[in-house]
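Pasting a structure here, questions to come.
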Amino acid sequence: MLPTATPMRKFLNDPGDAVRDSLVGLAAAHPGVLRYDAANGIVVRADGPVPGKVGVVSGGGSGCEPLHTGFVGPGMLDAAAPGQVFSSPVPDQILAATHAADTGAGVLHIVKNFTGEVMNFEMAAELAADDGVAVEAVVVNDDVAVLDRPGTAGRRGLGGTVLVEKIAGAAAERGQALDAVAAVARRVVARVRSFGVGLSSCTPPVAGRPIFTLPDGEIELGIGISGEPGRQRVPLRSARELAALMVDEVLTDLAPAPGAPVLAMLSGMGGTPSSELHLLYGELDRCLREAGVEPVRRLVGNFITSLEQSGAALTVLELDDELISLWDAPVHTSALRWGM
Amino acid sequence: MLPTATPMRKFLNDPGDAVRDSLVGLAAAHPGVLRYDAANGIVVRADGPVPGKVGVVSGGGSGCEPLHTGFVGPGMLDAAAPGQVFSSPVPDQILAATHAADTGAGVLHIVKNFTGEVMNFEMAAELAADDGVAVEAVVVNDDVAVLDRPGTAGRRGLGGTVLVEKIAGAAAERGQALDAVAAVARRVVARVRSFGVGLSSCTPPVAGRPIFTLPDGEIELGIGISGEPGRQRVPLRSARELAALMVDEVLTDLAPAPGAPVLAMLSGMGGTPSSELHLLYGELDRCLREAGVEPVRRLVGNFITSLEQSGAALTVLELDDELISLWDAPVHTSALRWGM
Amino acid sequence: MTDTIDSPALRAWLHEFARRVAENSDHLTALDSEIGDADHGSNMDRGMAAAAAAIDSDPGAEPGQLLKLVGRTLVSTVGGAAGPLYGTLFLRMAAAAGDAGPLDAAGFAKALHAGLDGVMVRGRAEVGDKTMVDALAPAVDALEGELAAGAALDVALAAATTAAAAGRDATADRVARKGRASYLGERSIGHQDPGSASATLLVEAAAATLGTAADGQA
Amino acid sequence: MTDTIDSPALRAWLHEFARRVAENSDHLTALDSEIGDADHGSNMDRGMAAAAAAIDSDPGAEPGQLLKLVGRTLVSTVGGAAGPLYGTLFLRMAAAAGDAGPLDAAGFAKALHAGLDGVMVRGRAEVGDKTMVDALAPAVDALEGELAAGAALDVALAAATTAAAAGRDATADRVARKGRASYLGERSIGHQDPGSASATLLVEAAAATLGTAADGQA
């Protein structure tokens, strides 16, 4: 049995309505960018669907905002299917998002490699195929903290997802065909890696209590995006030491070409303030350069989170000219905006 | 005596270096936008100063990021002077920022009405005048939680500061003269009000322990931006009830014209995640409309914070065509970007 | 009551499962908070409450339709891993039950076996991966084994319950290879798998409601 | 030692103030965490450590120069409210001391009074606003009163210390009208003002280092 929950200190009405209430507010805050289709439980581009364009759809458990709903808009996603907190959306939602995004050119599903999300997207894709919609799925699995042994569920999809959504979204916006959009998304998946560090737990609204308790002076290495414990619990260390460890984890696995241009994203987990993220980024930037890669594009902020957890994750994508140009293309979503 | 501090769970090296280390990271993350002048302890526009343009300078205690350093860049601030955490910058820094921003057209100081900031900016303005720089100061005091009684320090400057910086920055970017830029900034000050709610305390790096302790189920009403307790401690209530209270506090004091177009900003305090902010924004948007004003521009996110405190503050600015056009003008800073 | 499983018997089973899930919701979530994301109880409770309501609103449904309704409702309301998996379980049971009306004990066991197969295909999981399969597979084995040896349904279901619980308990010693717990690697050892606990409730609910002995027990 | 305050005496005072600030840094910060922003101790410690280093690196400085160096260093290193206020205090003392060399007791009191006036103008604060002025003003009154009545500097500084401490303690009963504590309104009652506590340390340091009796005490 759970201990009696202390009252959660959150901006909340009925905890069971948290996802819906939050999406109502998201739509109220960004009416020119997105719409909330409450009947289907999905978020769609305000000016979509765009005739002839390949639809780009993603989705996943809520609680990781701005992922995915905050990335709906010109240059990125056409629709997103948010599940309950830390639970995959159901096939009905994903199917509705797929139909909302489809204008005949087909739809790309961007799926994080979590068992629930993979299975629900698979079921939705089977239903969409029955309806005659061409669907390609790209599964993102960039988390180097998980040992990728045969017979296991494999690695989670983490911050790489944000980059896949931006880059595939730009390719689709440029009018590329479904197979080309899927191909560039898979190129990103192949060249992106992430590693996360948790400094606290977080409290899902319905559970009403923190998922785990960290003793004073200890932190979690190799966390995901559902507030769960990571691969290892270790003593707290300085930002400098953590940065060295994070860069080592990511680059050892990615093995980029010497001198490679990279995109470095540092995403907070939701409860870590901008000042700490930038402090850590300074150390990461130095470590990356010392390791022989050059962060030519950078993104520091909250992009893929776990509610109000403290912590951050480093994502590194090895770039080439095409990826840089797609990254730089205009985007206008509630959480990522430039060039328009 | 303070109780022995438990180890802080922050991304941090030496706590005494937190501000500098964070600015190093800020500059590493946004090299095209800003530079960190470590010798003078200030942040300046990467492409500045812009010949002939009125300089726009602000500054204040660190810990409220992205304010002010995150708003340095085209269309907003030319330079910012960040103090120690929750301590005003010193006159030397403000003077250096003033010189960095001046190209002969004069400099606007945007000052939050905190005793320390007002006095340090005053001393810096006296020194700048000695150096022959024309300086105008605008003092922002939008916090309706503080009773504005004669003989007191008056109201704090809160979220209104962000709007003053954006709008004055746009006016300066358009080539307006110092008195015109100061005048529009003062018009914003006259028509903007804020009210904040704290759901937790925060831990300044050097102090190493939370500023205060909130009993379970209680929250602080009328907080500022230095993690201090607010006007009143009350039982936690629903987002719906809190929104009604916040809108009532702000609109009662602002007394906007019926049907007035407003800009509604909801800024998190640093530790509240995007999903909660949007949930609360949904309730605020409804309450504002019910109260007869129309949020025609909206901003939801972390813009003026207190380290990792949980909570949020509502800022409402009554708009007119000039203010809307200056708000919509292109801006490219690390924390606010559109149109470019 | 006999060993014939008609629509009212299935309804009793499903309602009892919903009741046990609701009763154990916090426990399931607590298990999931150790090695998952603290939502298995609320996921299953949301889904089974919806499923119970769905079958109540369709009083005429025959066994196959009933199972299909439960499967579809779970797929549509649960999300996460459990939604497609439990949904598939019931959809495959429905397919196995077909339109033939009431099931006998062997038919019920065959349908449950089909459901298990569906779960294993959908989840790509084997016995020993530390998932709900670790409770369901031994339960199906025991049920089929006892029935083949001539036992009555109630006896067979009691054996299935014991096997499910043993399978559930054994998950604690294993390293998870599927689902969220797999991300923890060795750290998943020492914690019971939440899905194996909810699957055991499903078998327990069957033992409490189906077969002759259920009359006295339920 | 006599009642003549020369450069070494001022240095002793300033070092003693720096020492007491360092010793009480956590306490000052704790007071500031009740009704402010938990930084008064670290602000003052940073500033006085820098000021002590600055005067050490200029061993030839005369009283006026010494006080000016301290004032400038505080303005440049403390920030917040305390920086301009303590900075102004010493800069005004420096202006009052001028280039005349060692001060006598009356000259010291006059300089401190000028410093207090500077603080009150810069901060727009009155006695009773619950600030450092509430400790400084009664201390200056006592110092001047005792000297006017013919007391020696050590006696006068002892009285000033008592007055400062009483003024400091009395801040606890007041509603703050200036500084961060003013934002709390009535909630500031019951808490001592941190700046009045650091100002009392300043006066205590003077009593411990200046005047005849200081020889035995310091």
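All chains are identified by letter, namely A, B, C and D, in their written order; residue positions are counted from 1 within each chain.
Heads up, the rule we're going with is that contacts are C-beta pairs under 8 Å (C-beta built on N, C-alpha and C of every residue); 3 or more make two chains touch, one makes a residue touch a chain.
Keep in mind it's a predicted model, so treat the numbers as computed, not measured.
A straight line joining the Cα centres of chain A and chain C is 32 Å long. Put simply, the C-alpha centre of chain A and that of chain D have 55 angstrom between them. Chain-to-chain contact here is organised linearly: an open path runs through the chains from one end to the other.
Pairwise, the chains that make contact are A-B, A-C, B-D.
Put simply, chain B touches chain A in their complex at residues 6-7, 9-13, 18, 21-30, 62-63, 65-66, 70, 199-200, 214, 216-217, 219, 236, 238-240, 242, 266, 270-283, 285-286, 298, 300, 302, 305, 307-308, 310, 312, 335, 337-340.
Taken together, the chain B residues at the contact with chain D in this complex read 1-2, 61, 83-92, 114-116, 119-120, 122-123, 143, 145-147, 149, 151-153, 156, 204, 206-207, 211-212, 222, 224, 226-229, 231-232. Those residues of chain D that touch chain B in the shared complex are 26-27, 29-30, 33-39, 42-43, 46, 75-85, 122-123, 126, 129, 177-180, 182-185, 187.
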